[in-house]
């Protein structure tokens, strides 16, 4: 068996809209696979189809080489961590967690030992006899994760589980979830609209928009070598410019020439990520670098880093720099030179979507 | 068992029951409307009769309809005059007092209204408190069997139906709106009318519907407080079935009551729809 | 200042207006004298007489029997319809959702007429006499809607999520209803039971039309008593009925208050 989960040309349409169109992908066993995209892109629909809460209009879905298209949710070896507040309000934390085992009439001893196992992964010892309304949002979500994990599903689904939590808590739980996944090696499908979350946790990410998958890759490839316009724009906060590429040079209204490497000719976009741009007070001439001159407009203090907005010709370029206190920061209004490696200028030609 | 099958087993028995024992009977009313009362009191269906319709005009049903409407109108009016200020007042109370007051209003609302109507009858009969009080101003020996007590009896029973919806819509008005109203209108009366009152309109309309409609088709209250001689739509209908054995006419009048209600409901909800803020 | 005074007076007036007659009636039921303008002493004799009045006891028994059976049927049918409308969304269910309100708003006189007319017609083909059975059927016919609407209002999005969670955790369709749906709607379910019982027990006009001799219900019997006049017997039976339904209704309100805190 090669894959844990496979989608083959799956489409789902509701009466008024097409939620997803012709989706195909594979998830390897033990992989942490994320579905990343803006609201409405279809990622939750895919998750619900895997869980069995929706059925595909066309196409096939396989788990461990078994076709599961029309199988009811309670007959699938899949468990879901829902978006929020999905704990049974009339049951205690313990009763919530063991729900899936009790329903299948596991013996008391088995239930107790499974509970011990899960508690060792996610510390909930102090909460077992409490009711959900007595827990905070973060605690509730950890219970929800335990409730799913205890059943040792073939595929674990998570639908934006951290969306309702504040930043610090989210970051903490991201680490926790990732380490649990690494030690249990359960195949996990994770849905999120937060790219930093997806980049940090995933082995592979599928970027989606408007019901289609645009690119599936590991985080680094996705971020540094996006294959289309949407993906390039969606990840990070790049500076984007539209123009024409001719003979390895990018020409636009704003720039006379910016060197790019090994691309075909034609109209297209270039992406320059803020973090790859360096600045200095002297012009840099080097065959491997691009350099432009500009004036500092704004400096945005972000605590651990700075966003500097520089006006260049009649446009703006944003650069991000770590806040090293001995770094000399230019003042607003000062003339400044921006330079970056030519091969880090990312190009997407128009005919590549 | 599939999901669909289970859903059908859950819902269809009830729906079938209602189709047989509610929907079908409603169709029978139509059948009887076109029948005719024979001398023995049974109804004949040999052909399509229009007797019930002509009897409608002969039997002076129009004054009865008129009386029922006028009565319902006054009942609704009084309930509004007394009920709106009540709802407005309790909105300003502390939460516990507020809900306690509502509690006090709601309980009689659902209890045995036969008993409550009867308790009102005590007050308006020969030596009742209210009769005594009123007879200080007017010369009446008994208020019983007068239109006055019928109207007040209905107000007595239906008042909570007016208060509760108004209170609900008043509750839903945010205080911030009232604050900005005070800012905009120097005159407190204008602030009240243009903001508070207009925003509470959905509740007022619901209250009017819930008071007017039952008043129109009331039977028990007019019968107990008005006696057999005073005729309202409700007891006229019952008369046809029980005493006069004129089922065609009875069916026709009961249908008319239903139609009036449907018409009134539609009218009032259309009015509310136009005022959608 | 005048305005607040007026509002306060109105408030007190309304409460007095509503409760005075009730207390008066209850008080009078303990009055030794038959005439209500003189108080001659405290007595329970009228209540004792009630207990010996066979007609009233029969009527009471009929009322309870009808209320219990029609409540049972209404709950079964009504809960089922509520779940059905919650889970199935198509043109048919949209129609049913609207039509279900008709039995709630229909005037009792009209419903009484149509049930009578229906049963009489049926009795041409089947051996049906107007009596307990027809009363039960009629009461169920209007009660179902109340149950459906009351429970239906508690079938929310949140419940839908919880049902999906349960399915995800291996519960089959029956287990979902038993383990998740029922506990979730329990307060509304209990409130419906009490409400159905009260509505059936207190119902007058429809019962008047569709019962027969020997199967009179209590409200119908009391109604005929009331029409005859103000007597101590009526005072006591009326007071009892009032207090009884007061207790039940308080139960309903407390239950729905508890539900709203969830």
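Here the chain labels run A, B and C in written order, and each chain numbers its own residues starting at 1.
Keep in mind that, in the parts below, a contact is a pair of C-beta atoms (placed from the backbone, for glycine too) under 8 Å apart; a residue touches a chain by one contact, two chains touch by 3 or more.
No experiment lies behind these values; they were computed from the predicted model shown.
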item	value
Least step count from subunit B to subunit C, where 1 means the two chains touch	1
Chain whose mean Cα position lies farthest from subunit C	A
Chain with minimal offset from the mean of all protein Cα atoms	C
Chain pair whose interface holds the most contacting C-beta pairs	B-C
Intercentroid distance (Cα basis), subunit C paired with subunit B, Å	17
Geometric centre distance via CA averages, subunit C-subunit A, whole Å	56
Inter-centroid spacing, subunit B versus subunit A (mean Cα positions, whole Å)	60
Of all residues in subunit B, the ones touching two or more other chains	3
Shared-contact residues (touching 2 or more other chains) in subunit A	72
Residues on subunit C engaged by subunit A in the complex (per definition of touch)	158, 161-162, 164-172, 175, 179-180, 183-184, 262
Of subunit B, residues touching subunit C in the complex	1, 3, 6-15, 17-18, 21-22, 24-26, 28-29, 31-32, 82-83, 85-86, 88-90, 99, 101, 103-108, 110-123, 125, 127-129, 156, 159-160, 163, 213-214, 216-217, 219-220, 223-224, 233-234, 237-238, 241-242, 247, 250-251, 254-255, 257-258, 261, 265
Parts of subunit C lying in touch with subunit B, wherever the complex brings them together	6-8, 10-11, 13-15, 17-22, 24-25, 28, 35-37, 73, 76-78, 80-81, 83-85, 87-88, 96, 102-103, 105-110, 112-118, 121, 137-138, 140-142, 144, 148, 173-174, 195, 198, 202, 204-205, 208-209, 219, 222-223, 226-227, 230, 234-235, 238-239, 241-242, 244-246, 249-250, 252-253, 257
Residues of subunit A touching subunit C in the complex	51-53, 72-74, 78-80, 82, 85-86, 88-90, 99-100, 103-104, 147-148, 151
